[in-house]
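Presented below are the structures under discussion, each in the form of structure tokens.
Next, two complexes with subunit A in common: one pairs it with subunit B, the other with subunit C.
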Partner chain A sequence: MGRLYLLPILGLLIGVILGLVLRVDIPSVYVPYLGIALLAALDSAFGGLRASLEGKFNDKLFISGFFGNTLMAAFIVYIGDRLGIPLYLAAVVAFGVRLFQNLALIRRLIFQSRGWG
Partner chain B sequence: MRTNIFHLRRIQSKRMEITIAIICAIIGFLLVTQFRVQGALSRKLMELSEQDLGQIIRELNVEIDALHREVTGMRIQSYKYRREAADKQAILDEAARNLEDLRIVAGFTRVQGNGIQILIADKEGILNEHDILEIIQELRAAGAEGISINDQRVVARSALEKREGYIKMNGKRIQSPYAIKAIGNPEILYQAVTLPGGIKDALDSLEGISFRITRESKVILPGLRPPKYRYIAPIKGE
Partner chain C sequence: MNEARRFLSPILVCLILGFLLSTAFYAQQRTRERVGQRKAELIEIIKSLEKERENLKKETRKLRERLRAYEKEAAAHEGILGSFTKELEELKFAAGLTAVKGTGVEVSLGDALQVPPGEDPNNYIIHDYDLRVVVNALWDGGAEAIAINNQRLVSTSAIRCAGNTILVNSMRLATPYKIRAIGNSERLYRALQENKDASKLLWNYAKSFGLIAKIKTLSHIKIPAYSGSLRVEHARAIKGED
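What follows is the complex of A and B.
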């Protein structure tokens, strides 16, 4: 792994430690929102990793995608709650499918780059 | 030699690198938080069997019923307190009315009503406290509810004392001409005083005394300032 991934991994570690130390409590009502937002964030992160492996990484796209997807996901869950339609299922499926695709691609790209494929 | 794809990556500025690191930190934070909260939430319920869950629901229902009962009890209590407060207010009103009545009886308030007025001029100074006392007695016997002499209210503690050339009552000097006012039934008071062989006749027969009595539709009596009691005290519990 190159020096390029040092800072993001460091950030991830800091976030995890912060979460463990601060022990923020979220009202159980908001747990579904946080969950779907987290899924969207993970999707963005893996999308970013894939793009960087493909050499197509665009930082502005990544950042806007991260925040946009996260907020939109939470919003969709909220709308679904209001309408009585389990819209979060759509979000879960959409982000989930993309997440697996990205993971598969990342795996392939790493295999290729290492010459294992 | 294997190609390292990582050295191809270009993140133009340090700022972007830091931003991405911050985003990673956010993801980490969200991850941990969600793990913790969700875990705490579901672990408890997930591990329980259907019977246990049913038990929990039953217990919650019992709790809800108890809370409902508590709400009803509180409502009843609040209603009771409100009624009690209203009762207390009624008692206070009653006490205030009683106090007012007692103040009137005691002569501590200015009062008005039907009655009579007696004017006595005593040029020679021959009237004494007994004559005045007799008039007061007569008026009281005729049902006078309040009496004053020269704007001094006659109250329960009032005493007439003979002094050189004047009479003292309520610590004040009273002298001719005497204006005696009384509240009560004007007709009865009038007749009590003017009875043949009564006070009027007795005083009229004296030299140098003019005696005039009139029925009044509105007599105003002054109030006496409540005195300070130094020796007397009620006995508790009676």
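What follows is the complex of A and C.
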């Protein structure tokens, strides 16, 4: 029972394999959208990991954040594209900064929980 | 069971995340492959076309030589044809279809060796219009024949830009460019000095941007004959008018 936390990692692996096997053909026009959506998804995933380490994990918040951020990011890229403003840069910067912050916090939490420092 | 259900949403999210990851990876790889392939194809096409042109040029040269031999032979036999042939030779000489030699000048133009960071690189390279300025100044100074990197300029020649190379007679030329002109050396040199654009390029810009610009007066220059096509397809002469 103690190794249940490996299940999400297993899910990740299955997802990767699924993507490699299915080889979904995305038109090159939509590749930037995919990239930003991916970044948002990564951000949400790390956010969720951090929340669970802090003991504040909320199922509904996590799911809604994941899908909401991902869709919102793709939408921002779309709007920027239409207006001729490189708004995707804002998404990249915002998600990038948050990703690093979350990673730093996760590192700190793991250190604390193990009593390493 | 309750324990396992807590992990349901992370599992789902991780699954989607993994799927997005590999899909993005695959899409990116495919785009890169496609671009590389297209580039390679285009390079192949250009190479084969250039080869074809080389062959055609060789053939043109051969055919012109044969034509000349026929003309000579005919001239030796008949008087009236002889005078025609002489006239033909003169016209060919004027049209740039024969190699010529004489006194003249050579203008060397080349890109600057380096572009200082933050500067517009366009200022540091030789453009098609730079060559045109010099060539026009030389014609103005009474040049009788001009060649850029041994490409003879004739009435149909064009000097134009194509990407990062300059096309003269549809041949790609690269820096440094040697513009040779036959004519009165002094007059040619003076024409370069007196032409506003040419003097600005050769003396002012060259100095401030580090472009290569050298002018030599020469007593023996050889300029090759034009070797490209002269065919006119759509235009037709009007009879009885000047």
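Note that in this section the second predicted complex is superposed on the first by the 114 of 117 C-alpha atoms of A that agree within 3 Å, B and C clash if a C-alpha of one lies under 4 Å from a C-alpha of the other, contacts with A are read in each partner's own complex, and residues count from 1 in each chain.
Note that in this section contacts are C-beta pairs under 8 Å (C-beta built on N, C-alpha and C of every residue); 3 or more make two chains touch, one makes a residue touch a chain.
Since the model is a prediction, treat every value here as computed from it, not as a measurement.
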item	value
Which superposed partner A:28 touches (first subunit B, second subunit C, both, neither)	both
Which of subunit B and subunit C A:96 touches, first, second, both or neither	neither
Touched partner set for A:53, first subunit B, second subunit C, both or neither	first
Contacts of A:14 with subunit B and subunit C, given as first, second, both or neither	both
Touched partner set for A:113, first subunit B, second subunit C, both or neither	first
First (subunit B), second (subunit C), both or neither touched by A:38	both
Common ground on subunit A, meaning residues reached by subunit C in one complex and by subunit B in the other	1, 4-5, 7-16, 18-20, 23-24, 26, 28, 31, 34-35, 37-38, 41-42, 45, 48, 52, 59, 62-63, 66
Residues of subunit C defined as touching subunit A within the complex	3-4, 6-7, 9-28, 31, 34
Parts of subunit B lying in touch with subunit A, wherever the complex brings them together	2-9, 11-12, 16-34, 36-38, 41
Residues of subunit A defined as touching subunit C within the complex	1, 4-5, 7-20, 22-24, 26, 28, 31, 34-35, 37-38, 41-42, 44-45, 48, 52, 59, 62-63, 66
Subunit A residues touching subunit B - in the complex, by the definition given at the top	1-2, 4-5, 7-16, 18-20, 23-26, 28, 31, 34-35, 37-38, 41-42, 45, 48, 52-53, 55, 57, 59, 62-63, 66, 109, 113-115
